[in-house]
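What follows is a set of structures for review.
You will see two complexes here that share chain A, one where it goes with chain B and one where it goes with chain C.
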Partner chain A sequence: MNDKRRVAITGVGVVTPAGNDVESMWARLNSARSCGAPITTFDASGFSTRIAAEVRGADALPLTGDRKLLKFGNRSHRFALVAAEQAMADAGVAPTARDRHRWGCVVGTGMMTVSFDELASVQANAAPEGELDAAKVLDEATSNDPMAFCRSQSTAGVSLLTKRFGIAGYASSVHTACASGGQAIGTALRAIRRGAVDRALAGGFDSMVSPVGLAGFCLLSAVSADNDAPERASRPFDATRNGFLLGEGAGFVVLEEWGAAVARGARIYAELAGDGNSLSSYRITDSHPSGDGPIQAMQRALRDAGAAPSDVDYLNAHGTSTPMNDRSEAAAAAVVFGADVGNVAVSSTKSVMGHLIAAAGAVEAVVCALAIQRSSLPPNANLRDVDPDCAHLDIVRDAPRERRVRVALSNSLGFGGSNSCLAFRHPDDTRALVEAGR
Partner chain B sequence: MRVLVTGSGAICGAGASPAAIVDAAIAGRSAIAEVASFDASGWPRRLAAEVTDYNAAKLVGDRKLLKLIRRSDVFGIYACGEALAQAGYDAHRQSLDEAAQADFAEQTGCYVGSGGGAFNVNYDYFPLMAEARGDMGAFGRELASTVNPMWLLRTLPNNVLCHVGIRHGLKGPNGCITNHTTSGMLAAIEGAEAIRDGEADRVVSAGHDAPIEPQTMLYYHRCGLLAASALRPFDARRDGSLLGEGAAALVLESEASAAARGAQPVGEYLGGGVACEGEGLLNLREDGDGAARAIEAALADAGLRAGDVGLIVAHGNGTPLSDRSEGAALRRVFGASMPPVTAFKWATGHPLAASGILDVTLGLEAARRRLAPGIATLESPDPACAGVSVARETRAVASDVVLVVCRGFGGTNAAVLLRALA
Partner chain C sequence: MAAEITKAQVDEIFPTVAKTIADALGCELDEVKRDASLIEDLGAESIDFLDLVFRLERAFKVKIPRGKIVEDARGDLPEAEFEQKGVVTEAGLARLRQFLAEVPADRFKAPLKATDIPRLFTAETFAKLVLRARAEQPAA
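Right, the complex of A and B next:
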């Protein structure tokens, strides 16, 4: 007997390097052509890594609602507004004056709170020699602009979204680096289950494709420096992988208490069935080569979903294409799935769209919802020589694979050691469980 | 399932433990003073509550770690360490055999509310930018020789979660909440829910922030949020808030876990509630609707009525609209029979992401003493806050149940209820 409220995914939306809506992204993922390309949004010519997967046409994104809101937002907030708008329209439900208190909003936010232009203004005026002179801050234009302050706040994104859609219940922003998007959706799932809200807009947004963002990863040698072959730079599980491809974007889902979604005749992509969450407590940037950390997150997600490892047909891997992540994650899959590991189809969609950092887990949750709805698994691009440490995985290579998915898992493993795993179930299977009283 | 508090820790300008900070408040001492960490002599607003005897190495006891963390993280790691020590956490874990230790670690979670990015974290790039003079090619080429390679890791908003996890061997469910002022209180709520869900047997929940820096101070002033001479919650002459810094932490534990290891509870977490107003980043409703709904949700979650509450720790940040609307929310929930209301920001400053959970640790300490500490800066209560039972003097309280309210940018509101245990 399941005593937890079940939760349905009834709307999805994305802005990604692979496309600025769900259908464009899905087609690009299935083409297995990577979005890696030379950086165009700033002059990266001096950086050790000069490539990324950028959102194209960001300035032309179709924004609805009050455009004045944008003064309160930066590039990643614009992505968030557009992706959330798609998800809400897709779900075909919106908060009303009567039920807005029963709607929540949980977002995974990026860590880049100040735009480079704003930083450059402060530096030029208040730190011309490199050291900040506090007295000069008093006259510095950016530091006197309340809008620059508003854009920099950790709650800037969630404030824009709750105002745009009239959401008035549980609202929160989370940041666990690359696990942020997954943890945001997991947090919303739990808020619905415990009855704090009945519906939620949940997702993540980020853009670190900026001088300071890229610099942070270059300094750590975390990003691939395959500047001459950017379309090959992201190759998760390949023996020659050498770092991730930096992406940007946003992904959102609309979550509804199952009974409420069914009652209004909503189209249900999937049941968001489980949330697994663990801390590696090993190193800041890596999980243990044994998979310790990710293992517990995946096991917790399955237990939370009431699913067995053998129920899983698809794993959307974190698969960053860094040497350590893919090895640790492959080891974790071997432990979690045991003898069944060969029956689980695996792909990392970061091979095509790069690593969207705080948005990654949210966009990949959308990918899992689509994979279930369409009985089709997006491929892992750029895999030529499989790393022997990953050879036990059944990786979907080069082209999509038709397969009905009973349960899908999505991993998001963050700097700092936070591991998130979300579990999704085919809605027909959930209906059968509900009918059977479970 | 009962969720107990088996440890608490805190640091801010007013003291380095919940008991010391409550002592300071009862004695009428505020940590608010002229800023010393930068030269603010020509500034329109010069006051904040700094931790003046800051010694990072002493606070975290590990010099090597200091290369990987910042001031805010130091406070957070210290507060978590204090709370875990009071709970006897490390000593208990080390008494277990290897297999039991692994299980214990996986059933221990960690939820941290963090300020997210401060402005000064990016100043590490200023020497490089000064050298490059707008030439991005030069910026890229000179990057590796000018900027600390650990810059990104030192800047992660989730650093306290990461390092507390590594230091104390926590491997269970976790989260880092970057939701402005409500971050720390949400960490307490999500931590308690992880225990109720059975995902963890115990968690450490914390909040930390260090916002006293030139750009943040000036921005708060430009938004009209800073006071000229004192933070006076609910006073007719109040004219703004003042920044503080620091951290607080709680160890929350299931009743079964606390009993099994003989931990001595100091309180019980009874319930929490969260609500936003959804009217933009800086807007607040006059009627305090979000705060009222958060309090009502916390009462419902705890299965309590308003009349059960003995002490209210208000957000009381000292800005005219926030206090006025908070007063309206309290009147809506408590009507004419409002228990004693206090607030601590006049003494601690406003440590943003840490504030909610700091007030929880202070409220619990005050409730254990059955006292509502006086608000020393209160001179004449604002008639617009009529019915909010604040006082300059410290008063006795009639029940051991304390309500703590927390409000933040984006119209976010959170409230928790705890019972003090002697």
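Right, the complex of A and C next:
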């Protein structure tokens, strides 16, 4: 026997460009039809990139029935509320007065805090000539709106969620750019393992489909400018790839201490078995061509899960479709899996739904949980000519592949050099381990 | 001090005040009765009052100093005679009863903590607040 507390995934919820619930998203991912399209939420005609994968609909009001709560939230917070509501309902468990102090909440928060409209209002009214006029600030609408202040705090998302569900045990907000969602779920895993809480709501949310968000990625040449073929813009591992497709959305999971989940007869999608993190400490926006950084994250996730590289059947790649990321990640896979690399099926679901930034790792954790539960791997869309540097990968192309997954990995690699890898195990295999006293 | 506020004046602006309260508190418009306590009946929390005053300023294009209701209620009574150790004095309570005449009398219960004064505020309290702010606003 050992005293390791294992953690089960018992609820999942998503808001994505590929669908605003788990089943719609899963069907769209399996169709291998990308969500890239011209931007509709603002006039992007002056930008070098005028395409994105936008969320449509996802109204939080019918699900939460709490109109007041919504005034504290921006677009990405509303996505978070919807996805979290789905995950909690799916798990069929919620904090009670008796156990709310044994619940935690960890979120990967969006990069943008102040909305573009609010920034624009302050600029237009209080700094029309560029210099801030202090006297005008006092009369300016956004500066005087207490709700704008609440919405623009980076803690707003976690506050809304803990309030909504009455979670009172532990909370944290993670922001490590594109690694945020994965690291948030890993942080929740560790909180349960060390006994701080028994259950947690964990995930990520983001929306950078805005003039400020898009402008930054355009300046970095990080986004594909294939404005004439938006459905082909995201093509991870393709030799002609030229940048990512900006997405938005939220993903949440409900995590439970394994014994507690089993005791209440919960449906378990997968064991959240391992959390691996590393720092590249290389360049702010470049990944190391050797895969240094992601290598250590993947190795640590496997070690944390007590799994060997040869146990891995599926890798949900970070796979952004930037020239640099995919090459570096493919190099990392070659090192981690060695001679077994050809046995690991790989796909980047960003090929369909785009890059959800701080939400990406969380939504992709949901994808891994579903892949294990359904023994089905979603395809990597838009792959025509595989980059020779990625040719050693067994990429799931064009259509889903049936395969029982013993262990799945999900990579989330962030600007600034934060690398996250989560490991997931088939629940039947975990049951066998538990029965064997491991 | 501004002239007495008439019922007709309150009637005139109340629909807009009620709509603004409903928006700020996320409640239904028909819940916003004139004598509804924003805290007790409509679930307002402290930040909602800041939000509501901000929204009323925009809706009526008036400046409303924060804390104006209690300041106006206290009037010329020195602060030390209005409340002591956080509790409203007899004299203070008398001022409040008179000033918040729209609040049903049975809701004034001694001892009243100063921090609980906002529990008394009704939808009509905010209509009167707008009218006073408007009357005191220097002509443009």
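As a working rule, the second predicted complex is superposed on the first by the 429 of 438 C-alpha atoms of A that agree within 3 Å, B and C clash if a C-alpha of one lies under 4 Å from a C-alpha of the other, contacts with A are read in each partner's own complex, and residues count from 1 in each chain.
Please note the rule applied: contacts are C-beta pairs under 8 Å (C-beta built on N, C-alpha and C of every residue); 3 or more make two chains touch, one makes a residue touch a chain.
Being a predicted model, the structure only gives us computed values, none of them experimental.
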item: Clash or fit (per the criteria above) of chain B with chain C on chain A; value: fit
item: Which superposed partner A:Arg300 touches (first chain B, second chain C, both, neither); value: first
item: Which superposed partner A:Ala44 touches (first chain B, second chain C, both, neither); value: first
item: Which superposed partner A:Gly166 touches (first chain B, second chain C, both, neither); value: first
item: First (chain B), second (chain C), both or neither touched by A:Gly216; value: first
item: Chain B versus chain C as contact partner of A:Asp66, first or second or both or neither; value: second
item: Partner chain(s) touched by A:Ala141 [first = chain B, second = chain C, both, neither]; value: second
item: Partner touching more residues of chain A, whether chain B or chain C; value: B
item: Touching partner for A:Ser154 - first (chain B), second (chain C), both, neither; value: first
item: Vertex chain A; arms to chain B and chain C (CA centroids, nearest 10 degrees); value: 60
item: Contacts of A:Asn382 with chain B and chain C, given as first, second, both or neither; value: neither
item: Three-chain overlay, closest Cα atoms of chain B and chain C, distance in Å; value: 7
item: Footprint overlap on chain A, where chain B in one structure and chain C in the other make contact; value: 144-146, 150
item: In the complex with chain B, residue positions of chain A that touch it; value: 42-48, 72, 100-101, 105, 109, 111-114, 119-120, 122-124, 127-132, 134-135, 137-138, 143-146, 148-150, 152-156, 158-160, 162-163, 165-177, 183, 187, 190, 194, 196, 211-212, 215-220, 277-285, 293, 296, 300, 304, 414-418
item: Complex contact set, residues of chain C against chain A; value: 24-27, 43, 47-48, 50-51, 54, 57-58
item: Chain B to chain A touching residues, read off their complex; value: 38-40, 42-43, 68, 105-106, 109-110, 114-117, 119-120, 122-123, 125-131, 134, 136-144, 147-153, 155-159, 161-162, 165-166, 169-180, 182-183, 186, 190, 193, 196-197, 199, 214-215, 218-219, 222-223, 273-282, 290, 293, 297, 408-412
item: List of chain A residues in touch with chain C within their complex; value: 66-71, 141, 144-147, 150
